[in-house]
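After this come two complexes, each holding chain A, first together with chain B and then together with chain C.
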Partner chain A sequence: MATREEITNRCQALYDDLDFTAARKWKDAEPGRHVIGYMPMYVPREIIHAAGMMPLGILGGGDQLEVIQGDAYYQSYICRIPRSTIELLLTDRLDFVDGMLFPSICDVIRNLSGMWKLLRPDVYAHYFDVPQNYMRDVGGEFYIHELNVLKEDLEKISGNKVTNEALKNSIELYNENRRLTRKLYKFRADYPWLAPSSEVYLINRAGMVIPVEDHNILITDYIDAAKQEDRPKRDNSRVVISGSFCEQPPINLIKSIEISGCYVVDDDYMLVNRWFAKPVPTDIDPMQALSYTFLEASVKMPSCFEPNEDIKGQFLVDLVRETNAEGVIFAAASFCDPALLERPILQDVLNQVDIPHISFKYAENTGQMQPIREQAGTFADSIKLWS
Partner chain B sequence: MSAPQRKPSTDVQKDASMAKQKAMIDGNFDRLGNVKNTGEKVSYTFVPGNLNELIMCFDMVGNYPEINAIQNGLRKKSGGMIMEAEKWGHSEDVCTYVKADIGMMRKGNIGPTGQPIPEPDILMLSYTGCYTFLKWFELLRHDYKCETAMLHVPYTGDGVITKAMTDYVVKQLKEEVIPKYEKVSGVKFDIDRLRENLAHSAKAEDDFVWVLESAKNKPSPIDAYFGGIYYIGPIFTAFRGTDLAVDYYKTLRAEIEERIRKGQGPITPEGEMKNEKYRIVTEGPPNYTSMREFWKMFYDEGAVVVASTYTKVGGTYDFGFRHDPSRPLESLAEYCMHCYTNRNLPERTRMLETYINDYEADGLLINSIKSCNSFAAGELMMMREVEKRTGKPAAFVETDLVDPRYFSAANVKNRLESYFQMIDQKRRAGV
Partner chain C sequence: MALTVGIDVGTGAVKTALFEINGDKITWIDRQTDRIRNRQPFTLAENAFDYLLEKNGYTRDDIDYIATTGDAESIPYSTGHFYSMTTHARGALYLNPDARSLLDIGALNGKAISMSDKGKVLKYKMTSQCASGSGQFLENIARYLGIGQDEIGGLSEQADDPEVVSGICAVLAETDVINMVSRNISAANILKGIHISMAGRLVKLLKSLKVTEGVVMCTGGLALDSGLVLALNEAMARSKMDMPVVSHEDSIYAGAIGAAIWGAFRHEKLTELENMAKAS
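Now for the complex of A and B:
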């Protein structure tokens, strides 16, 4: 069995690889294979998988990609992920991708779908709408229609019929992936010194670029390997990170938070890996199953309307309590509408139950860690002092 | 190259239609300020995807937070409100309309005309063409704890409106919106009343489109951006579907017919613009805090805006859409989906290209708004595309809607002057 270090090294290499070699290799291994890219926040990867294709999560270019052309497409007051994603496109790093999905997370990603259409009219680019009405016969029905449109589009690209049996099989695989990701998060919340946040991040992130079957093994192996090790437990403060669901902070920032004295016991990176709080049923029609689970068991995040004011933001309080966290760090990408517009409500909800919080902004290429380290360090100290 | 300088006047010159409109808008603020006495119920909603004809069926008075922000911007009150909201933890990075609104609320909710803005009985969250709307009304609901009706209007990502999309919106109207309005207002929904309102809308829309298209004349009798902002007022807000709006657009049309007959240019704050030198198409909202200064940079140079996308945020009527009393709910659904920012980027680009060609414009000017991702994300790409397709020069300026900190008059003026020079050069080169 691979050691923890070997597993994390593999994930680090996947993270560093801006050419998506693993996905290219998967595609080249057999003729007729296709890869479908997707942006944050959520797409039904089960359908892509059931069409015999590989879903590939695109999360921008990080801090290692030099953005030259992408900057010519975006003003300075727009977040960084779309410009680095355009850079990936224009530098042919995504030339093997057969289609792109742009979920309805915000207007930047929404408009990026149109830019893709203009820049690559020959490549499938689809804005993927999810319902904001959660009644089964209203939003649910609309969503089933959208799922079927996607299915038909993918059938055309792949040349494969998406059967109910294939869908059920894919749903089971992704149910397992979500279960394992949640298990990994629980493991970290229970033993944060055994599973540092930067490692959990890399394991989670690997799920964006390798087949789900491999990712399931990878998570299991990591948990098993991490359990075996004896690593020193520190007197860190336990915090939840909120607001980082789209443009990703650089890995050094994630490390810096930990170094400054915080154990991150939950976060909202790559929510797609844990999108549903319960398994998608496999004993009903698969499209209905995907639709109703979306309506009734999706994670709470700012791009999805919360119809009930009484519980608005309560998920964060619950999360803090479930993970025995002592505070929340709001870490949002600069100019990120969903994270920044939501923040005052969440802060207010936390204030009402005296959960301390701080906030800062970052960009995927933030290089200066010192201010963030100082801020997080002071926060960790103040939690210790006042708790 | 400049046209003769006029002396800046202190009073904006007004047509009869402008006075009429002012009275209408003031009347609505009066109505809002008076609900304590009248007992009228208050509904807040947004301009894009507004359901005014429907809301009127419940005898409610409409409040449009975007309009309050604009009016506060024009009166130079928005800056303080934005700072107030930032003091309460709202990020400097987000939409300044939201912050102007929240700042106004925090400062006691006194509206632009000095009258109080009443609390909402219902928030009509028509999620049309802008993500910020979703958060804006969640933020207001968090404070007001009032009923909120959510209408999810699907984005036309593939450039088409499908039957499934229309059905989805209609179902939401039937199962979410109408029941909530009935509950809050105590008034039973009457579809015939809705039909009647929609018939009024269609009439006003015909005249409105005629007005917009009058800019195809040379000289253009209207300015379709700065002037256009006044022309869209009634149809984009609390008056669509009323007799008042029908009457307003009839008056406006008659005025413009007269201008065309006389071969006159558009009315500006300093009188008629006489020598049309440049015909420009604009993309993006204007700046409201320094609007007269901004406008002056155009008319001083003899530049008139012949078509703008901003005047389509509340509906793209000039591409054929009309409210249809024979299909009331479907028509409302289609209206929402047709709004400008609900259209995908290729469609928006096509619109600009069409405007440049149909209005025989000299080029495209984009006023990119710092805090508005819905408009701004992708505008640089649209600019290149339009330049490529039309061969006409384009320019890009950056300001904000209602945050005075982001209007740099010197920068904008420089940009505009070089842009007009570029047009001259192209003309000389015979392009």
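Now for the complex of A and C:
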């Protein structure tokens, strides 16, 4: 069995690879294979998988990609992820992708889908809408329609019929992936010194660029390897990270938070890997199953629409309590409207129940960690000494 | 009773302090300072730690909490890490119970911190990135002038006609000093000029914190520079701030002291939590 270090090194290499070599190799291994890219936060990867295609998570270019052309497409007050995604496109790093899904998350990602269509009119690009009404006969029906449109589009690209049997098989695989991701998060919350946040992040991130079957094995292997290692427990403060669900912080920022004295016991990075709080049923029509689970069991996060004003933000308090966290760090990408507009509401909810919190902004290429360390370090101290 | 060690890895030196703490009774058992001088700070820290234990008849297992501060976050055998402002505030209070603010003047930057009577950091301000207000800059100038670091304070106090250097940019300040040397300005007046410039910047930071009471404690590597402390008191008077700026012979240990004391506090708290968990 691979050691923890070997597993994390492999994931680090996947993270560093801006040419998506693993996904290219998967595509080249057999003729007729297709890869469909998707942006944060959630797409029904089961349908892509059931069409015999590989879903590929595109999370921008990170801190190693120099954005030259991408800046010309966006105003200075727009976040960095669309710029670096355009840069990936224009530098042919995504030339093997057979289609792109742009989920409904914000106007910027919506506009990015338009940019993509203009720049690559021959490649399938789809703005994937989700319901804002959570009743089965309204939002549910609308979403089933959207899922069917996507299914038919993918059938045309792949040339494969998406059968109910194939969908149920894919749903089972992704149910397992979500179960294992939750197990990984639970393991980290219980033993944060055995599974540092930076490693958990890399394991989670690997799921964006390798087939789900491989990712399931990877998570299992990591947990088994991490359990066997004896790593020192430190007197750190337990914190939840909130607001990093789209543009990702650089890995050094995640490390800096931990080094400065915080154990991150939960976060909202790459929510697609654990979007549903319970398994998608496999004993009903698969489209209905995906739709109703989306309506009724989507993960509660600041980025998710909450129609009930009275319980808005309560999920964060619940999360803090479930994970025995002692505080919340609001870390949002600069100019991220969904995260920054929700932040004051969430801060207010935390203030009402005396949960300490701090907040800062980052960009995916943030390089100066000293201010972050300073803030996170003093926050950890204040929890340990004065909370 | 808790036996704790505070390890403060700074830019210029590693400071280690061994304490025995029993409630309010704080006993400072031993200390060690090592100038880094291009050596590996973590090796120095570990050697100093082991040396202090052996010298005082302890083993690592006897230590209840190994508290690190400064640039020591990654020391693998640490029980917990505290940020330097937190530890300097507590260390300053230990060295002078009347302290309600402090100036932590280190090799790379300076910080003004206001604190409560329990050592809680209330507000802080830091010098900007430029090195002209730092100990490293002063050390470089002393080297150019052929003066030992321990001579700086005494010489500065003898100045009779100081020439102020640029307080904004280290490069400009160095140019100022070269010009002064070519104009035969004495080393005493040059050093005093640098002290005045540094003191002006630090007092400005302190003033912005609106501190009005207690003693201003100097900590960090430059706290023992008597010329700088004098210049700080003069700058305070010019700024109409009626608080004495004082130093202590152990000011350089403030970070390590604070870390060790907070380590004992955490040890007690963690033991309490453990006992509560066992009882339930």
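List of remarks:
Assume the second predicted complex is superposed on the first by the 383 of 387 C-alpha atoms of A that agree within 3 Å, B and C clash if a C-alpha of one lies under 4 Å from a C-alpha of the other, contacts with A are read in each partner's own complex, and residues count from 1 in each chain.
One rule holds for everything that comes next: contacts are C-beta pairs under 8 Å (C-beta built on N, C-alpha and C of every residue); 3 or more make two chains touch, one makes a residue touch a chain.
If you're wondering where the values come from, they're calculated on a predicted model, not measured in any experiment.
With chain A as the common reference for superposition, the partners chain B and chain C occupy compatible, non-clashing space.
Rounded to the nearest 10, the superposed model shows the Cα centres of chain B and chain C diverging by 100 degrees about the centre of chain A.
Partner contacting the larger number of chain A residues, of chain B and chain C: B. Contact with chain B, but none with chain C, is seen for A:343 once the two complexes are overlaid on the shared chain. Contacts of A:111 after superposition: chain B is touched, whereas chain C is not reached.
Applying the stated contact rule after C-alpha superposition, one finds that A:135 touches chain B and leaves chain C untouched. Using the contact criterion defined above for the overlaid structures, shared-chain residue A:232 touches chain C, although it does not reach chain B. When the two structures are aligned on the shared chain, A:90 is found in touch with neither chain B nor chain C. The least CA distance from chain B to chain C in the superposed model is 19 Å.
With the contact threshold set out at the top, not one residue of chain A is in contact with chain B in one structure and with chain C in the other. Those residues of chain B that touch chain A in the shared complex are 88-91, 93-95, 98, 125, 127, 130-132, 134-136, 138-139, 141-142, 145, 148, 150, 152, 154-155, 157-158, 164-165, 167-168, 171-172, 175-176, 341, 344-349, 368, 370-371, 373-374, 376-381, 385, 398. Those residues of chain C that touch chain A in the complex are listed here as 65, 73-74, 76-83, 85-86, 120-121, 262, 265-266, 269-270.
Contacts from chain A toward chain B in the complex involve residues 72-75, 77-78, 82, 102, 104, 106-108, 110-115, 117-119, 126-129, 131-133, 135, 137-139, 141-142, 145-146, 302-303, 305-307, 309, 312, 332, 334-338, 340-345, 347-348, 361. Note for the complex: chain A touches chain C at residues 232, 234-236, 259-261, 373-374, 377-378, 380-381, 384-386.
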